[in-house]
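Right, one structure below, let's go through it.
In this document, chain identifiers A, B and C correspond to the written order of the chains, with residue numbering beginning at 1 in each.
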Amino acid sequence: MLLAMTEPVALLTMRGIVKTFPGVRALDGVDLDVAVGEVHCLLGQNGAGKSTLIKVLGGAHRPDAGSIVLDGAEVSFATPHAADGAGIATIHQELDLVPGLSVAENVVLGHEPARFGFTRPRDAEELARALLRRLGHPEIPPRRELGRLSAAGQQVVGMARALARDARLIVMDEPSAVLDPEEVRNLFRVIRELTAEGVSVVYISHRLEEIRAIGDRVTVLKDGRTVARNLPAATTPTADVIRLMTGRSIEYVFPSRAAPEDSGVVLEVEALSRTGEFADVSFTVRAGEVVGLAGLVGSGRSEILETVFGARRATAGTVRVRGTQLRRGSVPAAVRAGMGLCPEERKSQGLLMGEPVYRNVSLPVLSRFARGGFLRRDAELDAASAVTAQLDVRPADATRGTATLSGGNQQKVVLARWLLRGCDVLLLDEPTRGVDVGARSEIYALVRRLAGQGVAVVLVSSEVPEVLGLADRVLVVREGRVVHTSASDELDEGRVLDLVMEGEARV
Amino acid sequence: MSDLQRRRFLIGAGVVGATVALSACTSNAAPGASGANVAAAAGDNAAAGAAVTIGFSAPAADHGWIAAIANNAAAQAKQYPDVTFEAVNPTNDVTQQIAAVQTLINKKVSALVILPNDGSQLTSVGRAAMQAGIPVINLDRVFDTPLAYRTWIGGDNYGMGVSAGTYIGEQLKARGVTNPVIGEIAGIDNLPLTQSRSKGFSDALASFGYKVGPRQAADFTAQGGQRVTANLMQAAPKLDALWNHDDDQGIGVLAAIKQANRSEFFMVGGAGSANAMRDIKADNTVLKATVTYAPTMASSAVSLARLVAQNRGMGDLVEKEVPTSITLASATVTKENVDTYLPLGFES
Amino acid sequence: MSEHQVTTAPAADERSRVEAAGAAPRPSALHRLLDSGAGRNLGLVAVLVILAVVGVGTADTFATASNLLTILTSASIIGVITVGVTFVIIGGGIDLSVGKLMALASVWATTVATQSFGPVVMILCALLVGMGGGLVNGLLIAYGRIVPFIVTLAMLISAQGLAERISGRRSQIVTDPTIGAIATTRLLGIPLLVFVFAAVVAVGWVVLNRTTFGRRTFAIGGNAEAARLAGLDVRRHTVLLYVVSGLCCGIAAIMIASLTTTGSSTHGTLYELDAIAAVIIGGTLLTGGRGTLIGSILGVLVFTTITNLFVLNNLDTDVQNIAKGVIIVIAVLIQIRARRTSP
């Protein structure tokens, strides 16, 4: 049962942390132990309190009760600056970097080397270069504008920034969400180097396999409480972890597929191209069929999806729905033809975060609830509530603010929108990113159910098992081209990864 | 599809039609005369002298009075066959006006007529012209030092207030009113000219034992006049007399008085617009008089510039040179004498 | 000393938590009031009440019907413009051109030529000019992809220029008796302009809160990309928003032409700032997506009541400006506090 060979030296001990917001008890007695030089994983569904906990740790929130002991001394961080001074750095999910500044300026942000009030950009660049080299990314130029780096590159800069402060404890909130497998491997290498130097890492992720690969110990949160702490990361059975997170035993399984029938073609994409992003993409989707697009971040898969939907204007090629050719670059035309898109970035592309749930659901079909332009709110609310209830969106009240929902439930709201609209073609871009295990299964079931009702589904996902488990056919996209097409049962995870990465190997 | 095309065509046709109709609405043939006032040269001064070029710079018109200044100057210059008139683009920006005057200096014009946006801020460029040997006729808003101009000609702001105060005082005395409520609607309050006008007004009233009651500043626009007056009518349920500094904003002042249904007092205007004079003549509003601040000064300034440039004196004066300072008197225009002044009134 | 503890939360506890969070209590009458436009602007209502108390205390004519109607009449023109600006700002834009678009419409509608066609043509002319200006704004913003700030600033400048060009920089006097009568007509003792103001606000409120157009305005202002991906025609809607703003300018142009009996290029100077300030004080996010029309109108009323109070007390202009600035900041402070405490 004991994992540690030598007795770990405690760096941080949190006990009984409570944090209440108006109407919500976000943390209700959380314990956390982090030892020197360990990777401590924090697991929990969305809404379990992980984000609030790391904000308490980072000084952004003050706890209502509980104690934080750092290096044997009780501490209390009134501001993020205080936490920073104590050597705690947080790399947030939404990176808190400034896109308009250079890499070096971001690395030293708030601690610019200066003399007599004049900043010393040379020193900053030197520091940034040294840190990036240490992180294994000497190719990132310190003067490059941050916004022009890839998501992975920005993540690395975020880490360099943490190191620049001599952080002893680095909190990483879902660092792998935007990374492809190669980048994740690189990230893990950096983490191991850091821990070897005595830096501790609190690692948050939804992906159990990552936790197995990098973590030392695991603490599980549920509903704002610690339900298990200091489990051995490598050996605790998955079923146990899932049971702890969900409070029930859920098989992480994909619904069975009905054998695809010989139905008519609904979506035809022919020689679709967009200069600089992808070229000559052709595929068809039949009614009731789920087609998966597998590929790395940056392979062009999301761009293809958005172009099919008209959100990006194709430079060549055609999209037809049930034989009718769609106007290029027109989302309204695509929606009229019966297409729906659940975009990659839920918050920035999918939802009106400031509006209640039902208004998000009814958005594409507002006129259905209007007579002479006047909305009949009751009809609208009833219709929207019926769909959200069908999808088991929680909380069940459709008048609640969308921002208060967890990631999984927000995703269901986007799905509910197209369910209400009634779609022939549903385009799903990373439908389970940032979605907890329980909601994932529900979304999988829903996708299959819709397919069963004759909807043509196109699915983009970074997670190969998801594509294989859900899709009938898989298209592998690499460097803006479809390099392989076959039925999903002819493929396995290893084969897909090979196909996806072959291009990288050549470079 | 064809239905959609037809709809688009109809919308297009509608837009074109509306545009044509609208552009027909921009025609603005003003009623009556153009309003420019000129004086014929008389006596010796009528004789043509050496050919001279007179440069002219004034603020951009956002007001009937300023518009009349520019019109009058140009019209007066046309009277003289020996004068070439060179006006630079009017502007309300001090730096642009400085640059404009500078170009006139570089062109070596014979004389300059300048109505500055701000007397103090254009003093340096006035001095530069004088040092370059170009006599400057400073119109109305005075430069800081006499070194910056050869001759100043302008209105009498203090005197204007005195004229208005005197008229109101006399009228109320004649009616035997004791403790009258006298309102005042000023122009832009932070201008020195507004302060001089108000000082003259209260000084004149004091000589009758009266004082100014409710006083508010507008902004020389009809809109500002209306807004301030509408509220002032509420502040003073009963008035005996009202002086409004400016006839342009007076349009709004009169509108507000009419909207408030008030007629128990009489009103005196300022500057002397043709519109105000027509109202005085018709005698069907509360406006019974206006005290002039005539833009004819621009005509006179051009005449002076010609004489100075040609090294001549003023006809009826003994001196061989033009005086350095001429202050115009502010006349009180009433129903009795309005016919004399109506030709000098400027169009708002 | 590695611990390994497992505490499983009882299932019943989980269920109750979900339900506690899920089943929101039925909103009480008080909640509904607080959630209404006026409720969310309790701060502004408080400021208005304070101003009224000061008014009654310092000027005996303040609380008279005729003075209150004067305040409403003064508020009517900037109020109509503010309705349009509220739409644009909630929709995620900004309109700096409103003041001068109104001036241009007032000039165009009062030229000698237009007046010769009579009042109906004058009104149509003002409305068309206003909507035309808004259409140009909207097309340049939505299809020309230029930021609203620049487009409407350019429109402000060129509308001013065109108004000066047409009017020859003179005040064009309204001779048409019908137009002149708009400002002097009273129904049931209340000036017609106040009715026009009320009507524009009422229509604006209904459109914003009860129609698909209003809902789409909130959606586009809140997250234009999400609205676009949900299938809304964001660009067409953006154009319509600026046309609405232009239409309000056209209506205001007729009102000001009647009130001042002139059409002039000097009308509406800095109205854009007053209108935007009223909208922001009224609680509308400058970034769009959230706001109330009632708040904007309360903001306008605060401004005009302040001016009225000052004139009634015969204060100097400089004192007025100082006090106005201070009161704006206080109003916003109270507004923020009030909103924070209300749920």
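Quick note on the criterion: a contact is a pair of C-beta atoms (placed from the backbone, for glycine too) under 8 Å apart; a residue touches a chain by one contact, two chains touch by 3 or more.
Quantities reported herein were computed from a predicted structural model and do not represent experimental measurements.
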Practice item. Sort the chain contact graph into one of these: line, ring, star, complete or other. Key: line
Review point. Which chain's mean C-alpha position is nearest the mean C-alpha position of the whole protein set?
Key: C
Point to revise | Whole-Å separation of chain centres (CA-atom averages), chain A against chain C | key: 40
Check your understanding: So, what's the distance in Å between the C-alpha centres of chain B and chain A?
Key -> 70
Check your understanding: How big is the gap, in whole Å, between where the Cα atoms of chain B centre and where those of chain C centre?
Key -> 36
Check your understanding: Tell me, which parts of chain C touch chain B in their complex?
Key -> 59, 61, 64, 66-67, 70, 73-74, 108-109, 111-114, 117, 121, 125, 128-129, 132, 164, 166-173, 183-184, 191, 256, 259-262, 264-269, 307-308, 311-314, 316-318
Exercise for review: Would you pull the chain A residues touching chain C in the complex into a rising list?
Suggested key: 1-4, 7-8, 22, 24, 33, 217, 222-223, 225-232, 243-244, 247-248, 309, 311, 331-332, 334-336, 341, 343, 348-355, 359, 363-364, 366-367, 370, 373-375, 394-397, 399-400, 417, 421
Exercise for review: Name, in rising order, each residue of chain C that touches chain A in their complex.
Suggested key: 1-9, 11, 14, 17-18, 21-24, 206, 210-213, 215-216, 218-219, 222-223, 225-233, 289-290, 343
Exercise for review: Provide the residue numbers of chain B that touch chain C in the complex, in ascending order.
Suggested key: 18-19, 21-22, 24-31, 60-64, 66-67, 189-190, 213-217, 219-223, 225-228, 230-235, 237, 248, 251-252, 254-256, 258-260, 275, 347-348
